[in-house]
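Each of the two complexes below includes chain A, the first together with chain B, the second together with chain C.
Our next item is the complex of A and B:
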């Protein structure tokens, strides 16, 4: 894993540790907005109940995606804002950063959305999300006891994931 | 990290775990044989194989996407090419070709010259209506449905019925746009 060393955002923030433990939480959604997985490693503040929190996150991504596609200066013909797009149509964002956290987002053409919230000074995590997608394939999709489209209850996936996220710097 | 382009079917096939081809062929044969015993009607077996394929396809698509690095296809033509060149190679070890496009580019044929499923297979007279490889059409239908393409798939040619190749007709019915899944006042 490469470390890109982002620019200093707020001097008061604790430095991200090269040894890992930079993950705050992670969501996995499918196309129908079902939260397949929610993992939390470091989140001191909860303001909403879990269901509302998931809906808010999904809604944020959905709107942000259609906004970024609308703002795209390179594509000439675009539909109006809010008009449903075909999957894969329009551009999308892969991360944003605030002064307290960084959110990295990946969506597969099959509609699986993986969201990882980390320390703001973590580097480019796109490859990490791809790796997590591969973990999802190995531990969840290939699990015959898992019914597609339902929340993931797979201990092996959770432990592997925890281990991997702890190593992200 | 440099962006990684889509990988070729051969490259993926070289890297994935594989099972012995004969074991695979014989296992599939045993499944079909058992279905014929259990369901009795050939028509029912065709339906069951298609359903089994569909269930495989909706899972297989994620493995395909994760390993092939294919991100998006510009049109259905590219989709068909990717299925034939990358998909079939990756999971069956053979390459198919795409032909017989209609004018709107929504209907084509995937032709398989070589099909590991049918080694050692001969259809007896009682099973003439059987689409032995119907699981494949289910897989393609299921996988495409997960990337929002509703398709209709049928066999045009079948080597077990005396044709010179396997020909799978894929017809794109519609593409489903992505909509906001929640109601406002939920």
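Our next item is the complex of A and C:
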């Protein structure tokens, strides 16, 4: 786990190769599983109500993390399956792909989880998520009116985010 | 949660192919480690059908591999629920920090998966080949009872061969 901090928003904006509307939706969770932000750009299918959907997503990430920590073939001693792990502890994952979407996941050292769901053909989005994390730090954490742990309601963050996700290919 | 009304049988293969090149971690023995596991999930009841281990660090015991197999099965189902577009068939590739997990689901719901070094190519081909072997040596075996652990020597031999061939192809690259 590395530290993503810095004074600038990002030292270098990850290059976008082509313009596209590939983003489906994005979630931000804090370490307690509270959904701080949910944005959707292109989601024709809703199978559950929003609260259930957020719970399911958080559960999926939690379980996938414990699965990868247990399956990790490189470390000899691993904790039991299902034991909660601190951010940065154990082998985590950064993305998975199905035939209809690709989910990219990032966890900050403070336990903020950023999830971006895009078209399955999009490339490696780890840098993009770090950039989004930096946007979060600049526009949300540094906002004096924002109380940590509450849903994000920052107009400027939302517009910048929308603009950035639209540029991801 | 809807896991499908049809009878779901999952066959789990996990093998881990390690490359010696650009790898700072110490390779043991021949330089390759291969893990291979087979499991079956049938309607929530899990049968272990043989566990082969070619020396990965920290091998999983039987209970753990069953837990992992059932966890994978449910994660596969949940990922279909969370799809933004209809027609999702579940996770195909999971990229973890230290390994890639490719999963192939046959039309009848049998799942095969392979665990390999990050960035390993042509794993879909290997999985389809393993599926072929499974149909040829397990399903066409008159002594094999459905939903029972796989104890077919020919299947084991051919599977090992397929993996060996893949390792040779890896060496050639």
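Convention: the second predicted complex is superposed on the first by the 150 of 169 C-alpha atoms of A that agree within 3 Å, B and C clash if a C-alpha of one lies under 4 Å from a C-alpha of the other, contacts with A are read in each partner's own complex, and residues count from 1 in each chain.
The rule is simple: a contact is a pair of C-beta atoms (placed from the backbone, for glycine too) under 8 Å apart; a residue touches a chain by one contact, two chains touch by 3 or more.
Small disclaimer: the values here were computed from a predicted structure and weren't measured.
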Clash-or-fit label for the pair chain B, chain C on chain A: fit
Which of chain B and chain C A:59 touches, first, second, both or neither: both
Contacts of A:45 with chain B and chain C, given as first, second, both or neither: second
Partner chain(s) touched by A:68 [first = chain B, second = chain C, both, neither]: second
Partner, of chain C and chain B, that touches more residues belonging to chain A: C
Which superposed partner A:24 touches (first chain B, second chain C, both, neither): second
Which superposed partner A:112 touches (first chain B, second chain C, both, neither): first
Touching partner for A:93 - first (chain B), second (chain C), both, neither: second
Overlay on chain A, chain C to chain B nearest C-alpha distance, Å: 12
Common interface positions of chain A, toward chain B and toward chain C: 59
Chain A to chain B touching residues, read off their complex: 2, 31-33, 55, 58-59, 62, 84-88, 108-112, 124, 126-127, 130, 133-134, 136-137, 141-142, 148
Complex contact set, residues of chain A against chain C: 24-25, 40, 42-45, 47-48, 53, 56-57, 59-60, 63-64, 66-68, 70-78, 81, 91-101, 103, 117
Residues of chain B touching chain A in the complex: 1, 58-59, 61-63, 65-67, 70-73, 146-148, 175-182
Parts of chain C lying in touch with chain A, wherever the complex brings them together: 14, 16, 18, 25, 33, 35, 56-58, 60, 64, 67-68, 71-72, 74-75, 78-99, 101, 115
